[in-house]
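Here the chain labels run A, B, C and D in written order, and each chain numbers its own residues starting at 1.
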């Protein structure tokens, strides 16, 4: 029943450091990781408005206006997490709590924004030996799993393994295994405030994972899922209501 | 981002006993509780196909074909739970596990289908003294809560109170209070197999709750939420795969 | 802080069919699977009272009195699920809802009692080729994981793989991988009524898994965790309380 | 089955500002809120070691050594949240992630440590008009609810109401209602890292709630529940394991 994602406004954020400094990475992702992700989303969500933003731009490309016009933000970072300005992190957090969707990718597990939203170390096991990753669906009725084969097969990928130090997910969508025998909760959802958060671990700068058609399907599904139903953003706030105000207004009488 | 529910096929099931045997109930629901619910859904989901089914029909109106053509089934029952044929209950359960959405209403907490899907007694406290019910949103970013005021105010309603003996919900969307001071988890979601289940407690044969515009909004939102993304129904089955089949097929080599 | 399990009363139930009909299974489990499990629990929980019960006994060894004297019931079954009397299944369900702990083992995923409590098909993938199973801890602060290495290594075991058609667990404690690449949610918890339920997949009649010291540690931890804090069993029931009774009693005034 | 909490080491932290600056509060809590809480715990947990710590002490009384010797920390704060040193907050967070239990009380919902662990605003509705609070148990099999009446009745209390902006709890133990009709998820649990977190909203400086025997029972139960099973604290860390190390060690052969 998923309708075409007409009108979803997506911003793909990437630190964009590997691609600018390592030719071998640029060869894999000639238009950047953000470019590859954006291309994949554009192909599957023809009605969506997709832009990219990167670390080196003013305000990392994430101005108040950009966030106000973003329904879903994707986040890729790895070696420059500490270069992200705390004020921008706080701004993104506010947007999420107010209803913006957030999709955190791969090494973004250690980004400031993800750790801030989780409250934990977000640490894990890892090993980079081009292992085969199998991504199994554990929630086949979930919108994000729609049309995704189980297992989704990635021939070469960095290993991420448990224990993954995150809060218990609201929904467990995918679990991966690797050739070494490790497992990883590779697709998990959370709600934070009014915003929906999806973490998806496949994807690394050294492997062309973001060109994989099934991975692209996951990201497109997740973008549709993460977009809020609300037209406006509304961050939860403290309120001090009068006693029984609704009684009086609704019934015209005291109790 | 919820798109118009073009194409959702909804079946509203009602035991339809009170309305046929008690004139005072028929006066409140002249076209039956199912009729009132169907009218509300039709007004809010103009693209949907809506039908009703009742206990006294052959196979309770829930033939294999009807279920095959139903994306979301709403269920209202009260005094005739034990008249529902076990074979039909099993059929509905299979449909849910295969991906059909199910919305269980009010006294349907004691229906065979709900108890079968929950595995618990589904018992609760109750008191019928026309108390005011306040339905508070505890998950304002959830699609089912979209456009619903908090509190949603129902002037007169039967009280349902904790302890409600159900499994821990996957998502807690609404919690109600009553004039007597009781609380109730009045809007909760579950996944069972590939199907999405929503239980919503407001609504009783003695009060015109299903004409309440906010209640109708909840039911319409829930119908959109509960409808599967899949085109076909697929009940989970045991399988006995060959060892490493995907390795061989995907990579053309043994390991 | 787990204290010695003084006083926990444990019943280990086993269908005990393989051991009586297949000499090669009896050679692996000379005192039955139930005997091996009971021995492991006795060694780790010296204060516990441990008994066994099997299918061929009157009432399958699960009389009302036995259940009343059981804090935690372990369940192993495989080829004789359909020989378990429905009345006994209902009796066990009532005990669980009233507060008895239940630990369902391996092929017990298809037992009547587990399917009744889950409401789903409980189907899965399987393959019996003596594969290595690695059991990873995904909730290292959980009492059931206390003292269990991650990974727990089982050299030869039947493969169980996703999709495992169960409701979303309340807690995800262990996830396994197998040599073929499959993953499985091998240690999961649920609450049903007042009872605590733990499903643990390692363990098969063809492999001596229940002699594995780490597996025995898991089962002992789980028994302590699953035992209720209450002295008496109390199944949730419907009640029809008077309006505001507690107001009057507590405050001596009407409203 | 809960054993006497022999050996649990509890630290009760309180900002202790109201009591030192407002005589009317000191009259309610002559030995401070921390003193009242500590007295209640001592009476119910005779084997426990209980100390207190307050804001005005060096390092707020929460030195590395104190935290190392604390199994469960209770936290009460209100008007001085911003005076808590960020370094101490980080230290407490590390202790929780490593396995220390944390019980956050009432207005502690806005403490730095709770907001850091939750990642959300933790905002809510409130109104201070000495309303009756009814605390209903929604998880009667949970250890924290053991021996607690439902409803637990507090004659006069500050109202806290939904929407409470916190992540979906791992377990929903209590829900409160107030005379004004509001509801609140007043007893909820989370795991963060290896630590267990319980938030409990009853308790305010203007009402003698911490002398209430049922509230004291909740806090004692929660302390036992929150204490880790582990003897040592272990914060999750990144690791970079060798490929298939356990295969080689366990089986002495390559694969």
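What to note about this one:
Everything that follows uses one rule, which is that contacts are C-beta pairs under 8 Å (C-beta built on N, C-alpha and C of every residue); 3 or more make two chains touch, one makes a residue touch a chain.
As the structure is a prediction and not an experimental result, all values here were calculated from the model.
The greater number of contacting C-beta pairs, out of the two interfaces B-C and C-D, is seen for B-C.
On residue numbers, the A-C interface is repeated by B-D, which shares over half of its contact pairs, out of the options A-B, A-D or B-D. Between subunit C and subunit D the centroid-to-centroid distance comes to 30 Å (mean Cα coordinates, whole Å). Annotation for subunit A: residues 132, 134, 139-140, 151, 161, 163, 168, 170-171, 179, 181-182, 191, 193, 236, 246-247, 255 touch two or more other chains.
Judged by the touch criterion defined above, the protein chains are all mutually in contact, each touching every other. In the complex of the two chains, the subunit A residues touching subunit C come out as 132, 134, 136-140, 150-151, 161-164, 168, 171-172, 175-177, 179, 181-183, 185, 255. Residues 93, 97, 116-121, 123-127, 129, 131, 161, 163, 165, 167-168, 170, 179-182, 190-193, 235-244, 246-247 of subunit A are the ones touching subunit D in the complex.
Partner subunit C is touched in their complex by these residues of subunit D: 1-8, 71, 99, 132, 134, 139-143, 146, 151, 153, 155, 170-171, 191, 193-196, 224, 227-230, 234, 236, 246-247, 250-251, 255.
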